[in-house]
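Here subunit A shows up in two complexes: once beside subunit B, once beside subunit C.
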Partner chain A sequence: MKWAYAVAAVGALVLPVVLAPGQLTVFILLGLSAMAVVGLSLLMGYAGQVSLGQAAFTALGAYTSGLLSLHHAPPLLALVAAPVAAALAAVVVGVPILRLRGHQLAFATLALQILLLSVLSGAQWAGGAVGLQGLPYLSVGGFELDQDLDYAYLVVGGVLLVSLIAHRLVHSRVGRGLRALATGEMAAEASGVPVGAYRLLVFAVSAAFAGLAGGIYCFFLGYLAPGSFPVLLSIEYVVMAVVGGLGSIAGALLGAALITVVVQLLTSLATQPGMPSYAPSVLSYAVYALLLIAVVLFVPKGIVPTLRRSL
Partner chain B sequence: MGELAQYLVTGVGLGCAYALTGSGLVVIYRVTRVVNFAQGSFAVLGALTVTTLLAAGLPHGVAEGLGVLLAGLVGVLVGVVATGKPGTTPQAGLIVTLGLGVFAYAVEIFFWGDQPRSFPGLPGAVGGIQTHYLLIIGVTAVVLGATALLFARTDLGRALTATAADPYAARAVGIDVVRMGLFAFAVGGALGGLAGVLITPVQQVSFDSDVALVVSGFSAAILGNLTRPGLTLVGGLLLGVVQALVGGYLSTAYQSEVALIFMLVVLIARAGRRDLVEAA
Partner chain C sequence: MPALLTVSGATRRFGGVYALRDVDLDVAPGETHAVIGPNGAGKSTLFKLIGGQLVATAGTIAYDGERIDRLAPHRRARRGIAIAFQDSPVFRGMSVAENVMVGAHAITSAGPMSAILRLPRHRREETRIRGLAAQALDRAGLSPWADQPAESLPLGRQRALQVARALCGAPRLLLLDEPASGLRGPERSALAALIEQLRGEGLSILLVEHDVAFVARLADRVTVLDLGQVIASGPFAEIRTDSAVVAAYLGGPT
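Coming up: the complex of A and B.
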């Protein structure tokens, strides 16, 4: 598997330079998805919980950064505040809702995201349904990140940071406790694993990753609206996590890359002259759906864990 | 007073749609243990089909009936994909139905585009209340009554209940458990389709209306822990009436949040007693 990491690393460093401007945007959005998906994959793989609200934390991070920088906070501080705010929110809602299991948690997280979206679209201070506009670029000590290329490397750094934190977490005492938790909650609890605290920790970490993605997103695009973070975005994250393989960091990265690239290829195919106007959305929905169903039924562990076992 | 009565009838009408959607979830969950996330898609598919059939000149009644029938057939298809492969866990089934719900988007946009659609319902008004709401209430009462009879009084219904209670024992006495699961999906699909067909004349439907519908249905059904049809009806009506009152007296902006908050409160309140429920 070592060579795969090497290929990915070289690709992540070289691609931003060689990609055309439109493709660079896709690359950046892919990286942002990957960050949120690494978190979701940890949550679903290690805490065994289906969350249909991961994009809520992306939205929280993005709005935190956006509001702070509109109110003239230093941009770097605004960016750092994004994951912190998302994690805090996760701790607050996590205490009551992490007592839920399976489909109950799935619906509860979905409900929280819809509630957040409707609060945001009704809130004057958050720009309502129009959202926040005219956000400044990210700047660090006089150096302004105003090129797509800057953001591409920022995102590569973000993905790396998130993956390292996830890796450390998985291979720590907490990670071992969580693995015990995933195989048998009762047994783990009896052996002294602080089940509730660990579960809350993973939830907060996973939210922080999504929040950081949201923070970068806000500086990269320069505008935000509740519509930028639809329920469907959460479902896309789930598709990416499941396809790549739950609980696997490499799986999360591969899942995000695979889905983004396939959907992008189909979209460029569907926007060829002569194709009907509905073709892009029809094709991308069909791809999300068919990949998700096929993987759940026929590769239930996801691509990366399955490959790893057969190699 | 007239205003209050109007809100109440509107609320009960809306609540009937939630109760139908929720009952579909309950029927499927009881027999297969799958929480069918595609439940809202049945309603959307049924309603969109009716718009096409009416445009093609079919009379009212026939078009609506065919829409519900189609939703039932789609229910069977969803059941085949979500439970057909041996060894598929209910958790995997939930994710598969999530995928099927997204697949329905592709189908719906392909055939009907992404703009909201509607069709006329029963025209006229009685005492300031749209007659169509009375139709919704009447049809729901008859259909849920018939469903209850089906489960309580027929051999098929008893076989379904047996499968819900203990699939292993049901198989031992010669009940085809997989077939019962598919039948449950057919009933669930038809109930969902009926909800969509009934509600569309008073509330436009578009391809992504399914999320709001499935969430409302789930909120209704969660009161009875997804297994009790009676409480699902109560939950649906309660939600509908509270929504109508909130929309009427406070603000329509907070209407759809009522179901979500209700669901969260019931879930969290129940989670405290979960260990007891699981042990039982």
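Coming up: the complex of A and C.
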């Protein structure tokens, strides 16, 4: 596995310099998805809960950063506020929902996203369906990040940060409790693991990661619209997490990379002349469905855990 | 000396069926108290009421002078109650040692922030937890398998692993639900020796076990359950001749 990390590290450092501008954008979006997926993978792998509306937290983070910077908050503060706002929202949603068993969280988060999107589309203070425009670049200590290359490295840093936090969390007292409750809730709780609080913690952490991705996205693009955070994005996150392997940080990164590349290839196919305008979205839904079925059938644990086992 | 654990009038119904009906039982400090009875008598149900995994239909449970029957299971664990369940699998995807370390949750408290920032508190507690786990593994005879995946252990050792996990939280009251089931001769006597040793250290133990010789050797007192009700209680020598007990259990097909 060591060499795989080395390849990934070299790739993350070298790719931004060698990629063409359009590809660099894809690289940045890939990194942002990876950040959200690391969190989602923790949530699904350890809390045993699915979030079908995780992109709601990306949107919340993005709009938090966007609105704050439009109101002249220091950009760095606006960026930091993104994960905080997303985590707070997760706590508010999670407290009543995580008490329940089963898949209530999946529906609740999906509902949250649909609600959020419709509120944002209707709200004047959020720019309505047009969204927020003319957002400033991120600047840190007088240095303005105004190149795609800057954001590429910012995103690499974001992925590293999120992975480090997830890794440290998993390899700790709290992490052992989380891993235990995933396969033996009763015994974990009887050992002193506060199951509800830990579930809420992972949910909030996963939301914070998605929120941070949203914050970076806002500064990178310079404009935001509700349409940037469709339910399809949430589904994409879920597919990425499942394909890579739940509860695996490396899996989350690999899943994000793999799906992004596949979807890019398909999009370029679907936007060929003569293809109907709905081709891209129909194709991506179909691919998500097929990939999900293939993974569930052939590598139910996801790619990275399966590779680990067979090495 | 006041009892460490007092169960009064404990009743638990599943639909129309009484799994437990008006059960009284207490455990004195340092006592090893066995609960015996035929299959379906309600022994595991009683344990889960004490641990908080099930809520009683009626009755109260007091521990260390305070009622605990409204407390969440993890809070009861923090008060010093540890359980090795009859029917709980090991934590999969974790090593034997990590499984045991989970047991230390009850007596440690480093939170997510100290883990993420790797604060001194996190390091201190990790060292302590490793020490406690090594000790518990050693006592349960599991040290040679510490780094193996827990689910790769044979079933008997998985039972021993549950005991080690419970011990790792340094409990004051240890509940063991059929810890010897699936164990072979030598493992069984090693477990009996461990329980004897724990009793010698002053730990209070509540033990469910079908093996009568095992119970006779270890228990200061025995409570006999049948169809959810206490039919006898006292030192083993007394209850073994009790006609109701002989009819319901000891004289049965076991």
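What we mean here is this: the second predicted complex is superposed on the first by the 296 of 311 C-alpha atoms of A that agree within 3 Å, B and C clash if a C-alpha of one lies under 4 Å from a C-alpha of the other, contacts with A are read in each partner's own complex, and residues count from 1 in each chain.
The working rule: contacts are C-beta pairs under 8 Å (C-beta built on N, C-alpha and C of every residue); 3 or more make two chains touch, one makes a residue touch a chain.
As the structure is a computational prediction, the values presented were derived from the model and not from experiment.
When both complexes are superposed on subunit A, subunit B and subunit C sit side by side without a clash. Between subunit B and subunit C, it is B that contacts the larger number of residues in subunit A. Touch criterion met: A:V174 reaches subunit C, while subunit B stays clear of it. Of the two partner chains, neither subunit B nor subunit C is touched by A:V92.
By the touch criterion defined above, A:V140 lies against neither subunit B nor subunit C after alignment on the C-alpha atoms of chain A. Geometry note, superposition on chain A: angle between subunit B and subunit C about the Cα centre of subunit A is 80 degrees, to the nearest 10.
Applying the stated contact rule after C-alpha superposition, one finds that A:V10 touches neither subunit B nor subunit C.
In the superposition on chain A, contact is made by A:L115 with subunit B only, not with subunit C. By the touch criterion defined above, A:I165 lies against subunit C but remains apart from subunit B after alignment on the C-alpha atoms of chain A.
Using the contact criterion defined above for the overlaid structures, shared-chain residue A:L77 touches neither subunit B nor subunit C, since it reaches no partner. In the superposed model, A:V130 makes contact with neither subunit B nor subunit C.
Closest C-alpha contact of subunit B with subunit C, superposed model: 7 Å. Residues of subunit A that lie in the contact sets of both subunit B and subunit C are absent, per the superposition on chain A. The touching residues of subunit B, counted against subunit A in their complex, run 35, 37, 81, 85, 88, 91-92, 94-96, 98-103, 105-106, 109-110, 113-114, 208, 211, 215, 218, 222, 253, 256-257, 260-261, 263-264, 267-268, 271-272, 274. Subunit A makes touch with subunit B in their complex at residues 50, 52, 96-97, 99-104, 106-108, 110-112, 114-115, 118, 122, 231-232, 235, 238-239, 242, 278, 281-283, 285-286, 288-290, 292-293, 296-297, 300.
Against subunit C, in their complex, subunit A makes its touches with residues 165, 168-169, 171-177, 179-180, 182-184, 186-195, 201, 205.
Residue ranges of subunit C in contact with subunit A, taken from their complex: 51-53, 72-74, 77-78, 82-83, 85, 88-94, 98-99, 101-108, 110-112, 115-116, 118, 122, 125-126, 129, 162, 165-166, 169.
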